[in-house]
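To keep things clear, I will list the structure first and then write my remarks on it.
Order of writing sets the chain letters: A, B, C and D. Residues in each chain are counted from 1.
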Amino acid sequence: MPAFETRQKIMFQHCDPAGIVFYPRYVEMFNAVVERWFEQGLELSFAELVMERGKGVPTAHLEVAFKAPSRLGEVLDLSLVVTKLGASSVTCAIEARCGDEMRIGGTVTLVHIDGARMKSEPWPGDLRTKIENYLI
Amino acid sequence: MPAFETRQKIMFQHCDPAGIVFYPRYVEMFNAVVERWFEQGLELSFAELVMERGKGVPTAHLEVAFKAPSRLGEVLDLSLVVTKLGASSVTCAIEARCGDEMRIGGTVTLVHIDGARMKSEPWPGDLRTKIENYLI
Amino acid sequence: MPAFETRQKIMFQHCDPAGIVFYPRYVEMFNAVVERWFEQGLELSFAELVMERGKGVPTAHLEVAFKAPSRLGEVLDLSLVVTKLGASSVTCAIEARCGDEMRIGGTVTLVHIDGARMKSEPWPGDLRTKIENYLI
Amino acid sequence: MPAFETRQKIMFQHCDPAGIVFYPRYVEMFNAVVERWFEQGLELSFAELVMERGKGVPTAHLEVAFKAPSRLGEVLDLSLVVTKLGASSVTCAIEARCGDEMRIGGTVTLVHIDGARMKSEPWPGDLRTKIENYLI
């Protein structure tokens, strides 16, 4: 099972006047899942990637289906798998569940770039090998 | 010309360590475009919709293509049109441009719900008529 | 030692174009420290307090000294103690350190209110007793 | 009358499950007031200050009193005056009112720094002269 898994508790800062997660906060959570995956799964922190190596992985495409609302105090189980790996891009499918209930599911496509030139750049070989471990 | 149009300046709070808009902030902007459209275009503010009428318009689906980065101090021209109108849902296409350059384009699908029951509910007739003005 | 302690990693979403934590995000972290303290230290989650009991603890006063910047990837050690406990209010001193370096220090004063009336209300006795455990 | 004045509408993204502005969002608004003051009042945008000149104005100290809650749809009138001008620092008093009611009042102390060295640096003479126009 190649998924990267992490958890996120729904806090006050995530919730809107309807008492449920405000959907842009979910997108922030998606980004946090990717960030933790880089650090814990790919062993390359964003701090090292962005600040030391001068690279970046901006999001090129995002798609999210919001299936059921999430409430203050709930804990989401988030999982990430790679569905497509290009020369300088990667598409990840991310799901959030609470217990047995699917809450949100979506995909994010990231592009590996050189930060100074803001141009796409092929994945370095060692990073690419690690990403392949999560490819389904 | 059926589009609802508004502007958003890129501020410090929107930008990430790469000096460009952090993409979850774009999603917050999308929500703000919808919120202004309701108030200015449909003449029904979120305050009235959510607080007084006890309804809501949670997002069921979101898709965004990020075409080019936006930087601190730039002004985005945002436009919204309706691409699909269902019994209790609406799909809006939103674009953000800076001058002639397309920066982001996407769709959001909202569902009209009763806030207490958290169940979808058909659009009231007068609101539906106003939404149709933006249908392409 | 009566302090409540928790940790927060500095993530991409916290950082500004200067590559350091954008200070309103620190204030969000302060709120998260209080929220975790209620749940883990006082055994009363915000979900129970706000949603089930219909109460709230809005912030009445905030003071923060930002002593040194924090960067992407760093881990902050946050501590909270109670410096003043009133009939329906509490003042907490919160500090954030990274290793030996003090990064921020401040105080937040919360007021216990009834959510429907938006009026202050004395702490319930059992909650007050638990808060006293953190009083210095 | 030396105050810099601006307005902010309370939007969905500012509000918490209690239906009022979540206080860290007020701090974000404070920062936006300072940012608009630099651009419109001091004629030096953050984009120019940070990106072109390589300087910054991080916040060294913040104090805010939250006097009354603000709700979705309300419009806040924000004003800023300078209460203290140091060699490389400035303290601004910021107030937010809704109609006649004071909602929040506070101070922020900013320090002018060189971004690369992260060290304080005296205000340039022309900028200092403009800041003095707002000194009370």
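Brief remarks follow.
Rule of thumb we're sticking to: a contact is a pair of C-beta atoms (placed from the backbone, for glycine too) under 8 Å apart; a residue touches a chain by one contact, two chains touch by 3 or more.
Just so it is clear, the structure is predicted and the values come from calculations on it, not from any experiment.
By the residue-number overlap criterion, the interface of chain A with chain B counts as same, with over half of its numbers used by both chains.
Looking at which of B-D and C-D shares more C-beta pairs in contact, the answer is the pair C-D. Among the remaining chains, the Cα-based centre furthest from that of chain D is the centre of A. Look at where the CA atoms of chain B average out and do the same for chain D: the two points lie 28 Å apart.
In whole angstrom, the spacing between the mean C-alpha positions of chain C and chain D is 23.
For chain A, residues that reach two or more other chains under the stated contact definition are 12-13, 17-19, 22, 24, 28, 31, 50-51, 72.
Arrangement of the chains shown, judged by which pairs touch: all-to-all, with no pair of chains left without contact. Of all residues in chain D, those touching chain C in their complex are 17-18, 20, 22-25, 27-28, 30-31, 50-51, 56, 58-66, 69, 106, 115, 118. Interface residues of chain C facing chain A in the complex, by the touch rule stated above, are 11-13, 19, 28, 31-32, 35, 45-48, 50-51, 71-74.
Taken together, the chain D residues at the contact with chain A in this complex read 12-13, 15-19, 22, 24, 72.
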